[in-house]
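Think of it as A, B, C and D in the order they're written, each chain with its own count starting at 1.
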Amino acid sequence: MIDKRVTSCAAAVADIKDGDTVMIGGFGEAGSPIELIHALIDHGAKNLTVVNNNTGSGRIGLAALIENGQVAKMICSYPRTANSMVFPELYRSGKIELELVPQGTLAERIRAGGAGVPAFYTPTSVGTPLAEGKESRTFDGEEYVMELAIKADFALIKAKQADRYGNLTFNKTARNFAPIMAMAATNTLVQANEMVELGDIDPENVVTPGIFVNQIIEVANPQQESKLVKEGVVYP
Amino acid sequence: MSNTSPESKTQESKPQAIGWSREQMAQRCAQDIEDGSYVNLGIGIPEKVAQYVPAGREVIYHTENGLLGMGTEPSAEELDPDLINAGKKPVTAIPGAAYFHHGDSFSMIRGKHIDVCVLGAMQVSEKGDLANWSTGAPDAIPAVGGAMDLVAGVKTIYIITQHTTKTGAAKILPQCSFPLTGKGVVNRIYSDLCVIDVTDDGLLLTELAPEVSFDYVQARTDVTLINAVK
Amino acid sequence: MIDKRVTSCAAAVADIKDGDTVMIGGFGEAGSPIELIHALIDHGAKNLTVVNNNTGSGRIGLAALIENGQVAKMICSYPRTANSMVFPELYRSGKIELELVPQGTLAERIRAGGAGVPAFYTPTSVGTPLAEGKESRTFDGEEYVMELAIKADFALIKAKQADRYGNLTFNKTARNFAPIMAMAATNTLVQANEMVELGDIDPENVVTPGIFVNQIIEVANPQQESKLVKEGVVYP
Amino acid sequence: MSNTSPESKTQESKPQAIGWSREQMAQRCAQDIEDGSYVNLGIGIPEKVAQYVPAGREVIYHTENGLLGMGTEPSAEELDPDLINAGKKPVTAIPGAAYFHHGDSFSMIRGKHIDVCVLGAMQVSEKGDLANWSTGAPDAIPAVGGAMDLVAGVKTIYIITQHTTKTGAAKILPQCSFPLTGKGVVNRIYSDLCVIDVTDDGLLLTELAPEVSFDYVQARTDVTLINAVK
């Protein structure tokens, strides 16, 4: 029997090890799996490489994971947002490494990681500092840079609905990086707002098929990042 | 929408004595958005373009975080923290919208499916090089967002920018001194003083703001402009 | 106003020119846009390069297009099926060219064409005759071959529902190549079983967003390939 | 399911005097399909594996034309020409199934997300090379389908095949003479005579069909086998 449900966020993140690469879904607060991130803080794995578009807000969620000293390196496109102060401080003091990747290249590298494509060529960043040190090549008279796939040991994502096979739907723009991260990680951990029965999600409307999902925890009323930031909440 | 840096916003916040206001620049640019276009608008002044597109034109807005058919700001009841734009501001979705993941969203961009992108600029070169993501300052936190993908993939790139920095330095230059976002990518510049087309022959000044003379613009531009005002 | 509906299949295919590359959706009969293909036969454009997983059945649809002498070259993975005789005959007599591509590589090359990726690496076909003459390269100790994107002037696909923006849904496994072909073609022509109003397709369930679609013709009761083949129908 | 050629089917159609029948080969293979696996079954005998997976094991079947959660054959009322498998036969979808496009389907395959693929074979080499798509005959219409993607991407490749061709020639060889489908890809062979594991040390015969001796198998195999029958 296939039943990917687990009973707690703590159980879901239990196997994350020091030094692992962890993809975390979300674009800003939309799709950020706060409960799973907080479980990872409680769990304490260190020296992580984290892949996320941003670096979190305030002192909760991803920002708190960074502040807690668990992240050795960030791979992201935009590590600077209105309420982010944790990452900039650590970065300036040389305590965290940054691999800056254009957002579309980040998405395509993750997708490639999940699709069994080790490398591909893209026009993005040609002629800019972010192409320095990368192989370039001309196809049909246009210049492209070669980019490598990114894979992860774990992905932490947030879904709207999930069934026990791991089929997922998402809510609006909270979808963002989650489907491709689910493909690129060896272990995909999902917090879903709602568990549904097999067949409740029309097979035509499944966004992430269960084959890309390993463990699911129902978090019926997830916390809202912007609300926590506004209230000045600090985790843990 | 692309994440342009806070620096550029600060530089652009003080309007000049003569020329177009921020609203008027957006309004002027909006005249060139054609009926039926797929458009991506950068953060800041570019965002305002949507509200000035002439009536009768149907335009579909793309936001790179996974929505085609972005609508206006939500009412308090409509607000959903899971429905935001690339600037992380709450938005709505129009009837006929579609959600998709980041891989598909940037396939639309990189695959040249989007017609127009309107962005801000720190510097633009004579050849259409664009710098709008970093001043290259050693203590700055580098952040690029989707800007490099947009300029590499979208068919037409429009720039809306103050003609000079707030200290009066030229932003239209023979070469950008800041790190590039893309090489030879800009098609047209809407500044507070004029409209400039980037062409193989050079920078073509096609239109002046009211009370602004060609010489006034030329004096504030580090590249020799071609006067093409009718 | 955006209204991608046209009034006939003939109008949809009118701009296809001699020598064009045309992608045609479908895996066997599932998703085969027979009415659009027949309009292309009536239209008469010649010397086409056609991209499809197969080469059609019987003497209707894609097989009829080939039999009519309009196809100079096929790019496909499996040009041999139970009821295909048109292609084998022309191929043996040297009257049609064949580029044989593994099915997944075909799909990924089409997807790359639509995604602005000019080339990528894949493990598929390494060590086989289909990798001969192709660049190979090692990543992390594994060998891969480089494959180039495929783009097309036109794509002919079949959808279940369409709205006037061109948003599409599909029926079951008739989806197959259609969404990626819609991305890879300059002009995507769609025959849809049903036209619906804007908003009738939930934005969460749109499979092909309208940005990838150019013209739509409603074909409410499309013909069924296997039925035509069984009845021995010949087109035109 | 992969498109294997009609040639291979013809070769496999005549059962030998002793050893497992086609059904028994499928049944034997099915014992090794673990609970919770994602499985892709090739055309022909491999298809039959599904009906013999032991009760109590839940297995999800993938068909590369865009369905995860393939069910059994449809009844007359269920039949939909838009719901077929990779062999182009009508199928059904189970509750909890998902449809997707070819790009995503082969991402599952190439990205090593599928646990087991069961295929037919024309030849298998000592090193686990597989030939199952072409005899290389000059007048044959070459057709590969998804076979090369499956062997390159799926974690475990099981082969079900008659031990020899219908003319009695060995199919398990030092080197394949037919064009390869993949190099070093086969993990285990279920023939009508035995079960063989492909290992770094060579071909390990782990199990014999009833009344079949090691010597009987060895005499019909062009590679020296290691006898590992307990």
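Rule of thumb we're sticking to: contacts are C-beta pairs under 8 Å (C-beta built on N, C-alpha and C of every residue); 3 or more make two chains touch, one makes a residue touch a chain.
Just so you know, these numbers come straight off a predicted model, no measurement behind them.
K.L.:
Among all the other chains, which ones are in touch with both chain A and chain C?
P.N.:
In this structure, the chains that contact chain C and also chain A are B, D.
K.L.:
Which pair wins on C-beta contacts, A-D or C-D?
P.N.:
If we tally the C-beta pairs in contact for A-D and C-D, the bigger total goes to C-D.
K.L.:
For chain A and chain D, let me know how many angstrom lie between their CA-based centres, rounded off.
P.N.:
Here the centre of chain D sits 36 Å away from the centre of chain A.
K.L.:
For chain A and chain B, let me know how many angstrom lie between their CA-based centres, rounded off.
P.N.:
29
K.L.:
Need the CA-centroid distance for the pair chain B / chain D, whole Å please.
P.N.:
Between these chains, centre-to-centre, one finds 55 Å.
K.L.:
Which residues of chain C are in contact with two or more other chains?
P.N.:
Answer for chain C, listing residues that touch two or more other chains: 108, 111, 115-117, 122-123, 170, 172, 203-204, 207.
K.L.:
By residue number and range, which residues of chain D touch two or more other chains?
P.N.:
67, 93, 99-100, 106, 109-110, 152-153
K.L.:
Flag every residue of chain C that touches chain D in the complex, lowest number first.
P.N.:
27-31, 53, 77-82, 87-88, 91-92, 98, 100-108, 110-111, 122-130, 170-180, 207, 224-226
K.L.:
Under the stated contact criterion, what part of chain D meets chain A in this complex?
P.N.:
By the definition above, chain D touches chain A via 35-36, 38, 56, 58, 60, 62, 67-69, 93-100, 104, 106-114, 152-153.
K.L.:
Which of the residues in chain B end up touching chain A in this complex?
P.N.:
Where chain B meets chain A, its residues are 3, 5-6, 63-67, 80-85, 88, 93, 99-103, 105-106, 109-110, 129, 139, 141-149, 152-153, 179-184.
K.L.:
Could you list, by residue number, the parts of chain C that touch chain B in their complex?
P.N.:
1-2, 111, 113-117, 163-165, 167, 183, 197-199, 203-204, 206, 209-212
K.L.:
Would you mind writing out the residues of chain A in touch with chain C in their complex?
P.N.:
For chain A paired with chain C, touching residues are 108, 112, 115-123, 137, 139-140, 142, 144, 148, 169-170, 172, 202-205, 207.
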